[in-house]
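Sending over a structure as structure tokens; questions will come in a sec.
Just so it is clear, A, B, C, D, E and F label the chains in written order, and each chain counts residues from 1 on its own.
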Amino acid sequence: MSIDFTLAGAVIFTGLVVVFTALVGLWGIVALFGRFFSAASNKPKPSEPPKAAPAPAPKPAAPAAPAAPVAKAAPVPVVEDGIGDEIVAVIAAAVEAMGAGESGGYVLQSIQNAAPVGAAPQFQQVVKGGRPAWAQAGLMQNTQPF
Amino acid sequence: MFAIFLDSVGTLIQNCGFTSLSFGQALMILVSFLLMYLAIGRGFEPLLLLPIAFGMFLTNIPNANLYHTLIFINETGHIDWSLLAETGGLLDYLYLGVKLGIYPPLIFLGVGCMTDFGPLIANPKSFLMGAAAQLGIFLAFFGALCIGFTPAEAGSIGIIGGADGPTAIFTTTQLAPHLLGSIAVAAYSYMALVPIIQPPIMKALTTKEERMIKMEQLRPVSKIEKLIFPVLVTLVVAFLVPDTTPLIGMLMLGNLFKESGVTDRLSKTAQNELMNIVTIFLGVTVGATANAASFLNLKTLGIVAMGLCAFAFGTAGGVLLGKLMCVLSGGKINPLIGSAGVSAVPMAARVSQKVGQAENPTNFLLMHAMGPNVAGVIGSAVAAGVLLAILK
Amino acid sequence: MFAIFLDSVGTLIQNCGFTSLSFGQALMILVSFLLMYLAIGRGFEPLLLLPIAFGMFLTNIPNANLYHTLIFINETGHIDWSLLAETGGLLDYLYLGVKLGIYPPLIFLGVGCMTDFGPLIANPKSFLMGAAAQLGIFLAFFGALCIGFTPAEAGSIGIIGGADGPTAIFTTTQLAPHLLGSIAVAAYSYMALVPIIQPPIMKALTTKEERMIKMEQLRPVSKIEKLIFPVLVTLVVAFLVPDTTPLIGMLMLGNLFKESGVTDRLSKTAQNELMNIVTIFLGVTVGATANAASFLNLKTLGIVAMGLCAFAFGTAGGVLLGKLMCVLSGGKINPLIGSAGVSAVPMAARVSQKVGQAENPTNFLLMHAMGPNVAGVIGSAVAAGVLLAILK
Amino acid sequence: MSIDFTLAGAVIFTGLVVVFTALVGLWGIVALFGRFFSAASNKPKPSEPPKAAPAPAPKPAAPAAPAAPVAKAAPVPVVEDGIGDEIVAVIAAAVEAMGAGESGGYVLQSIQNAAPVGAAPQFQQVVKGGRPAWAQAGLMQNTQPF
Amino acid sequence: MFAIFLDSVGTLIQNCGFTSLSFGQALMILVSFLLMYLAIGRGFEPLLLLPIAFGMFLTNIPNANLYHTLIFINETGHIDWSLLAETGGLLDYLYLGVKLGIYPPLIFLGVGCMTDFGPLIANPKSFLMGAAAQLGIFLAFFGALCIGFTPAEAGSIGIIGGADGPTAIFTTTQLAPHLLGSIAVAAYSYMALVPIIQPPIMKALTTKEERMIKMEQLRPVSKIEKLIFPVLVTLVVAFLVPDTTPLIGMLMLGNLFKESGVTDRLSKTAQNELMNIVTIFLGVTVGATANAASFLNLKTLGIVAMGLCAFAFGTAGGVLLGKLMCVLSGGKINPLIGSAGVSAVPMAARVSQKVGQAENPTNFLLMHAMGPNVAGVIGSAVAAGVLLAILK
Amino acid sequence: MSIDFTLAGAVIFTGLVVVFTALVGLWGIVALFGRFFSAASNKPKPSEPPKAAPAPAPKPAAPAAPAAPVAKAAPVPVVEDGIGDEIVAVIAAAVEAMGAGESGGYVLQSIQNAAPVGAAPQFQQVVKGGRPAWAQAGLMQNTQPF
């Protein structure tokens, strides 16, 4: 059998060109409107951070991480500032999914080193009625094949 | 009179499966058991592999007549409606949803309801890695051509590298329906094997320093951006490659249901009950297409080999573009997130996270990898559209 | 060889949407964006208007071929099955449920499971106001005839005044399928606008004293009455206007599921998952019928104008009969509850409540208005049956 | 184009006649069996009202109305006497839907003036496991377009 | 002109149900009311009998045209697709799922998700009683032959004794579709009457000592056994009687969804929403087949009589084999659990428990009776396969 | 009309033969692998029983049976030893279904006489989050017609 290299070339060339055109185009447009909207939405936020303050310690909602040293992770407001509940929940779910045994000690360490991440388990305490986010994370776990 | 009784029993024995079982059917049943084991015992994408395996089991029971290949694959290239009306079995009727291209978009509707495009909107550079990871599709297409597949078959095999079950099924149904069983099994198996296939490639192509790069936190994304995004992507992708509109359109409609906040009812049903019902029907009937004639041949081996290539090259493509972007950005981008561009949401993103954390326990790449990850879904839908446009 | 590559890209460019977009399609896409804004940003019946808008968006993407008008609207007046088999797209298949009259009755099944006919049983005089509010249907029918619509079209336009989405879609599919998109959009938009359309009419037609009337508490309704009611209504309505049996029958079956207390499983699924699935399919495909040719013309303006008339006259009819009943009952009936007879459950009843409370903060009309409100559903189903019987 | 006024007249006339026939007929029949059944069911009810008595005050289940003065709304049994949970829930939902800000003070007032209605918020306390009714009400809210 | 109005009203009156109601239709509507009463008032399998009764009600409304017998039952023996396309009503379309054999297997899928085969695996001797209880099927078949039914009709009547609604409907649709309404009503009614039909037979055939026998506790069953079981049963049954594969295959796929523990999503949807949706459609359309011509004749009486025989002989068969096993096992088996072999899960098992406990309050037979009970489901599927193989 | 007794005989004979063949065959195979697996799984179990021990009394989760005397039903571990949660739940559900009034006193009695069964209500206390099992049982009750 003889392979139609012209067709093959056309498919590969066209394919890569179109895929890159489409996604580079989307990059451009999304970056553009992202700049526009993030500029527009940078102002009315400062009222939110205090939401995190009143709940520094009690009753960890999930067993994902040791709760005690978390209270030290000061820059909690970073998390509050726009990152959705689900994103944080997904991070936490991933931490859990990676296996507690495998890398047991890292959670503590990372909390003190990297503030934004350390905020994740903390966040769990803030959102006490945090079920929806966790349910969503669990769901994502269940539906990965799709 | 007793003779007549024996006669009657004799006919039953003649029709019964034990006497009419062919060697191929026996082998296929064993294959289906192996897949059931992989699904249940090893957790290989059980939500689809278990129905697929059971469909494969049912279709290879002699004389059960649940599925008839000839109705869907014949010289005319169309569904043989009169044959369906005369001999149609349960799985023939349910298979119509695959054949007519209904189930995969409906699954994408549900996927859209569960997908958060926030990380991609926050860091749209991820689109690039989502594009680069489609490299595997086209290299596997070429490889498949070289080992003797027809162009249409090669396109279907390449799309395995898209790491997206519904996209692979949607494309294969139109390009090479006789390979649907093998391709679906390969696609879902490799998606389950992503944590095994990707890490060595990722490590081989990156330096320890690159893998340790920590990335800046993603900016918050406003609701209005999340609302415009699905419409915008549909507009661009559907205009560029119209053949992929059913997939991308339903994906983005689902996402709009989710992000709009005013259609929770619809979003919940689309991502749960509707998706589950469609998944059952899709899995069982896709499995049912895998009879001995179409599955037990060298082509399946070729599909398995090329599918692996597709995943490997896709991973490599994503990582290499990640390296390039790392350099161009002055070391701000960890190339490990590039591998997530193959899709396999969210598993590939988890692999990026895990490999990164292995070098530096304080490195959290997951959210950054979600960007290329969901971009990869869009990228492979685009690639599928191109393949359909040229090869259909 | 490079020429061939360019050729291939050229073909794609030729087929791509950007080059083949017609002016009408561009305009329709903008209209769909406007409807999305109304659905999400302004809360206009988002459960249906959002799918409708997205379907309208998808159907106007060039070369996407998700929906083909010719399959359903052609000289034969029947579905062109062979064309469907050859060229059918995703939304063509899903549209079958609309065309064959399956989705609207299934939505009514779910509505029945959620409707409490108690207030109507307790105060059956409400039936009268539910009848009077159908006046708008017939006046709008006449108006539409006068501005040049055919009788069948005029009937479909009139039924907008029924303020009942599924009834309007069910009727229009049979009488004037080419207007389905415009009529559905008009019907759901006006239903969302009920709190704006009705109050001025209600205030203009009633005196302050009438609006302040407090009504006696409704009597308790026994379970046996609630069980007999759906069967009885089906019997009477289906015998009188058999064409409306699919709607009224399913509505009452749903209600029987609810009231029987022994079929909770069925009631819950019918009013949730089944209804949501059907809503998604119905919305997207009804939207898909709205191509430029059928939507961007003066007829749509006529539909918008007559739809408003239908709502206004329906409201007036209900209120005026309410006034009559107020007089006849010696001032015991607040005419404001008459306006709820247009259906738009439960929004129109809320409007009655709100307008009444504005005069007298201690006046609670909601439950009394629920009677005419659900009677209006029955009334417009009857009216639809008459229109179908005469004009089909 | 010439309008077929005869057809128009026939449609309008027939339509109104049939609609009124059907609904007046239903009024008659429903009123008839209503009279029959309400006569039949007026006796065996008196055992129910006490159900409301034991739960006069604690733990308001929903924030729809200020709970304190409600306890004074004596004629609670009226609500018990046959009006379904859902009906009461719908009233309460409507009150809430009308906007707390818009007519903030009226709930209190109405409770003291109009006994049957005042009983509504009260009822919420009686039905402690009142979720189904509320869920139903919320559902109705969500599905109004149908 | 006024004459024309009257004319128009006159036509409506001519078409309306009150004037064209036949005596048979009136009677059938009364029958449907009786069935509604049995379903709601007496709790006779309301989940299916209520939809069946309502479907029967709707189908007998004159001129409503929701269902057309001629589409499905005609000389050709096939569905008349062109008639369907021209005149199809709501229930015609929904009935396709019955006629094409789709709904019963889907219900079995849900049943499989809810069935625990543990007691049967722990005590596989129960299979014997599940076999013996099928005696009623064959005796009723013979009885029906004797009173004048054709062999195919007699087979459908016999299968009532399987005490399994979906199996009865699946079989009857293929063997004697014109009797579907009567047979479905008889099957579900007798299933509801199991607590009344069985006890006297059980008591008559057993001694007090036998009824007082306490059985040993069942051994624990490992997960691996529960996983192999559904595959094994499918293999054996589908190989032996291929015609029953749709039923047994879906039953066991559902069970695998349940037992695998990795497909909870699918299991939950299959046993809830999917099953409920299918139940509604199945019930209403099966009821719709019951028009006066097919229901109001002596055959229905014969079906009612033979259905009772089937249940009674099935019960007796199970109990008698139980007695035999009691003797052979040295008194370790309580013959009362044999009656549960007729299926009617889990009602028949409860009856065994109750009759046993009446003699000895400390006797708990429920779990032991669950073994024959679920074996009876498999047994009647096998019997259905034999009937289909010989009589179709 | 003349009855085709030959056909009738063939159907009945074949039917019974096939039904018995199939089910006796299944009996054999299931018994065989049952023996194999029960032999294999008899050893690794002893670690489980203690699970039952720490929760002897408090908070009965369901009103199905009087909880007090249950604590005496010593051989609880028997239940733990392999019988699934659902089986126990089904038994309890059946007890309840049989009607409390009809055989009011038997629950208590049976608990003291027949250890394995008496364990059922006890089990309910062990499984505090026992909803799924009960929901399942309720579901079965609801779906008996299928």
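Keep this in mind: a residue touches a chain if its C-beta (ideal position, glycine included) is under 8 Å from a C-beta of that chain, and two chains touch if they have at least 3 such contacts.
In this text, all values refer to a predicted model and were calculated from it rather than measured experimentally.
Fewest steps needed to get from chain A to chain F, stepping only to touching chains, is 2. Chain centres computed from CA atoms place A at the largest separation from chain E.
Distance between Cα centroids is largest for the pairing of chain B with D. At the interface between chain B and chain C, two copies of one sequence, fewer than half of the residue numbers in use appear on both sides, so the contact is built from largely different positions.
Once the centre of each chain is set as its mean CA position, chain C and chain F turn out to be 51 Å apart. With centres set at the average Cα position, the gap from chain A to chain C is 41 Å. Residue positions 10-11, 14, 18, 142-143 of chain A are each in touch with at least two other chains.
The set of chain C residues touching two or more other chains comprises 8, 12, 47, 240-241, 265, 273, 279, 386, 390. The touching residues of chain B, counted against chain F in their complex, run 1, 4-5, 7-9, 12.
Touching chain C in their complex are the following residues of chain B: 78-79, 81, 100-102, 105, 109, 227, 231, 234-235, 238-242, 245-246, 249-250, 253, 256-257, 260-263, 265-266, 268-270, 273-274, 386, 389-390.
By the touch criterion given at the top, residues 6, 9-11, 13-14, 17-18 of chain F touch chain B in their complex.
On the side of chain B, the complex with chain E involves touching residues 8, 11-12, 15-18, 21, 29, 33, 36, 39-40, 43, 46-47, 50-51, 54, 57-58, 61-66, 85-86, 88-90, 93-94, 272-273, 276-277, 279-280, 284.
On chain D, the positions that touch chain C within their shared complex are 1, 3-4, 7-8, 10-12, 14-16, 18-31, 33-34, 37-38, 40-41, 45, 78, 81-84, 86-87, 90-91, 94, 97-98, 103, 106, 109-110, 113-114, 116-117, 136, 139-140, 142-146.
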